[in-house]
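Input: one structure, supplied below.
Chain lettering (A, B, C and D) follows the sequence in which the chains are written, and residue indices restart at 1 in each chain.
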Amino acid sequence: MSDGAAKLTREQLAARVARDIPEGAYVNLGIGLPTLVANYLPADGDYFLHSENGLLGMGPAPAPGLEDGDLINAGKQHVTLLPGGSYFHHGDSFAMIRGGHIDICVLGAFQVAANGDLANWHTGDADAIPAVGGAMDLAVGARQVFVMMEHLTRGGASKIVERCTYPLTGVGCVKRIYTDLAVIDVTDQGLRVRELVAGLSLARLQALTAAPLLGGI
Amino acid sequence: MSDGAAKLTREQLAARVARDIPEGAYVNLGIGLPTLVANYLPADGDYFLHSENGLLGMGPAPAPGLEDGDLINAGKQHVTLLPGGSYFHHGDSFAMIRGGHIDICVLGAFQVAANGDLANWHTGDADAIPAVGGAMDLAVGARQVFVMMEHLTRGGASKIVERCTYPLTGVGCVKRIYTDLAVIDVTDQGLRVRELVAGLSLARLQALTAAPLLGGI
Amino acid sequence: MIDKSLFSPAQAVADIPDGAVVLVGGFGMAGMPTELIEALIDQGARELTIVSNNAGNGDTGLAALIGAGRVRKILCSFPRQADSQRFDDLYRAGRIELELVPQGTLVCRLEAAGAGLGAIFTPTGHGTLLAEGKETRVIDGRPHVLEYPIHGDYALIKAHRGDRWGNLVYNKSARNFGPIMARAAACTIAQVSEVVALGELNPEAVVTPGIFVKRVVRT
Amino acid sequence: MIDKSLFSPAQAVADIPDGAVVLVGGFGMAGMPTELIEALIDQGARELTIVSNNAGNGDTGLAALIGAGRVRKILCSFPRQADSQRFDDLYRAGRIELELVPQGTLVCRLEAAGAGLGAIFTPTGHGTLLAEGKETRVIDGRPHVLEYPIHGDYALIKAHRGDRWGNLVYNKSARNFGPIMARAAACTIAQVSEVVALGELNPEAVVTPGIFVKRVVRT
């Protein structure tokens, strides 16, 4: 549907997001796709990964056989702790989040609106069992909220919308959107396209996107 | 002025208060006179002394030469920590106080009113520099607030009053008053005398006290 | 001599009555007080209100308590998981009540309870379904939601080591909700891997001072 | 490589501007960041607002800063002490403003700032002079006072050991306000007795994780 445009793979998208994270940043990576970003942060730099279940300085997955059920990330995957990392309780962890101490969080999304509204916890389905976790805290608390998602749903609908139809996670909180087709800033003037994948025109991206886009590359 | 009544010394008063502290109690002793109570808690029992500057399981003063400027109590005196004690920050310390985790606090007072109002931080003097410390937190937070004081001021005025004339520390917070002349409970019916020192009659105590007293020994 | 250590989980949970509000530590299975919950299932208390981050995983611990039909209501942030079938079934059948709370709001409501605060204004959740009907206020240009403390009658938590005065240290990310639940409940019961002699825990490294803990059981 | 350790207190406090709100750790002299304050005196910043439990003791540390006339206003719980002459003189001369705050309210206002809460209802101080003019509310039958966060531009604290990522541990009761001030300020500067290699601090026993600390100086 992107007509030969070089749609990014999940790994390429993760690498693209990682490029915008400066050394020394305190970063929370949401469950799912955002978790991949960790794999693309330069190994020779100091990046501080926070996990809301009480870890700072989170390291990669342990070698097989070295998993520890007491050392997991927010997605309940086995992880490690880097030298210089620390453990703390949920009170301290959410003080970090809500208190504006996390520089960047990267979240997945169902929908992002032109005004930066984020919907990522609930489809509104009557039969769905809702679960929110720490997403609403990250949405209001992190200094910068990046969204990382596929541009379109499996059904081909735009996940970027004029107004979210799903229940909100946070109001006007998203600063930048990374998709498999483009990098888009949420600005006071509206959605401004910063990057397009190779072979994709702004006009074509606009045709795929259910909210007005501004050029600005 | 108590006519041969066996007025308690400061040490006797401290010992009397100590008798009402059960083993296992979490206790905060205010600055000054209340600090003496620690000396009369049975050495063979476990009593948990809390100091608002971040100590639980506070022990006695160190031997001369072993003082540590980083190990002090709320009155800034050198103390020790018992095995099983712990250090924590002010946030945790005042969660203990405000959150109702301290069973008993013993405070000094300028005035206590018949309804349990406490005044112990400020004489209201225009020239005085006010200082409140943790007294207001202890007054509202401890499960039981005991006041320990001389019954009369140096000038012979009753420190137990119908209504405090000094600025309040807490409203209706005092449960029991220990003076050098009597032990008095603050009840819904009023001030009920529980004990008198030897040689003192209720009538004589009433004559010395500026609020109505109920018998009840 | 004060000794808060008990011989068995059964003894530790014996007095939890029907209808109690029970805070249950853990994030997934890390920090889940499985043995205490099993004892609570055997004990038989019903109509419980549970406060926990998740609504049980698999078939053990909190999932088993829910599966046994002992839970009337649960307050949590993340019930839906791949392995939350016990909860999912009862929820879909309308047999368990859910109060969904953002994780950080669950945290600060527990902290408010432990610290004796009456209520707090938090920015989290403003403008969302989870703040509907709640009092709001703009403070310093930013909208906030008024949230109230969550007090537990009991807290069941899992720590690593404890002593007879109730001091606790935890293991890695299993610490999670333990310390904040310990202080939010009237009666906190901790299961530990080891009860050590008084003074063996470094006083600089005690995470939960004994004042917040009533009972300690080695499991 | 991120290295938050600096060579000198002078370097650490160089950018503190006139008029800054500076949180100063310590309870009496325990935990007082004396060397950082001396550097601040030398640096010359004026019209400071200081938040600290006391208003200085003797002639060093905070007392010296106050004595040098650099402090416009102080928020504290216990200014009056046997050795608070520097403050007493200026206060009596009307040359320093005092906002007296109950110690636990100072604490929860700093905690609210660090944790991003907009305001809190606390029972402390209700019905007293120190709550006059403040909004009150009865919650669950109990009167409360509404209190707002205290945010610092800077915090100056003293810890025991630190590392290049800013992780800190403290010494005994010198811990006091350090950890809660560290998180309430935009820029926290810690003086430590020793800067240790990364990984030397036990991750279970780190009291202030480095996320709350911008600069570390050995003194």
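The rule is simple: a residue touches a chain if its C-beta (ideal position, glycine included) is under 8 Å from a C-beta of that chain, and two chains touch if they have at least 3 such contacts.
Because the structure is a prediction, the values reported are computed rather than measured.
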item	value
Neighbouring chains common to chain B and chain C, by label	D
Chain whose Cα centroid lies at the greatest distance from that of chain B	A
For chain C paired with chain D, centre-to-centre distance based on mean C-alpha positions, whole Å	32
Chain centre separation (chain A, chain B; CA means) in Å	55
CA centroid of chain B to CA centroid of chain D, Å	29
Residues of chain B engaged with two or more neighbouring chains	81, 87-88, 91, 94, 97-98, 140-141
Multi-chain contact sites of chain C, meaning residues that touch two or more partners	108, 111, 115-117, 122-123, 170-172, 204, 207
Pairwise touch network: line, ring, star, complete, or other	other
In contact (per the touch rule at the top): chain pairs	A-C, A-D, B-C, B-D, C-D
Residues of chain A that touch chain C when the two form their complex	51-55, 68-73, 76, 81, 87-91, 93-94, 97-98, 122, 127-137, 140-141, 167-171
Partner chain A, residues of chain D touching it in the complex	1-2, 111, 113-117, 163-165, 167, 183, 198-199, 201, 203-204, 206, 209-212
Chain D - residues contacting chain C, complex	108, 112, 115-123, 137, 139-140, 142, 144, 148, 169-172, 202, 204-205, 207
Residues of chain B that touch chain C when the two form their complex	23-24, 26, 45-46, 48, 50, 56-57, 81, 83-88, 91-92, 94-102, 140-141
Partner chain A, residues of chain C touching it in the complex	27-31, 77-81, 84, 87-88, 91-92, 98, 100-105, 107-108, 110-111, 122-130, 143, 170-180, 207
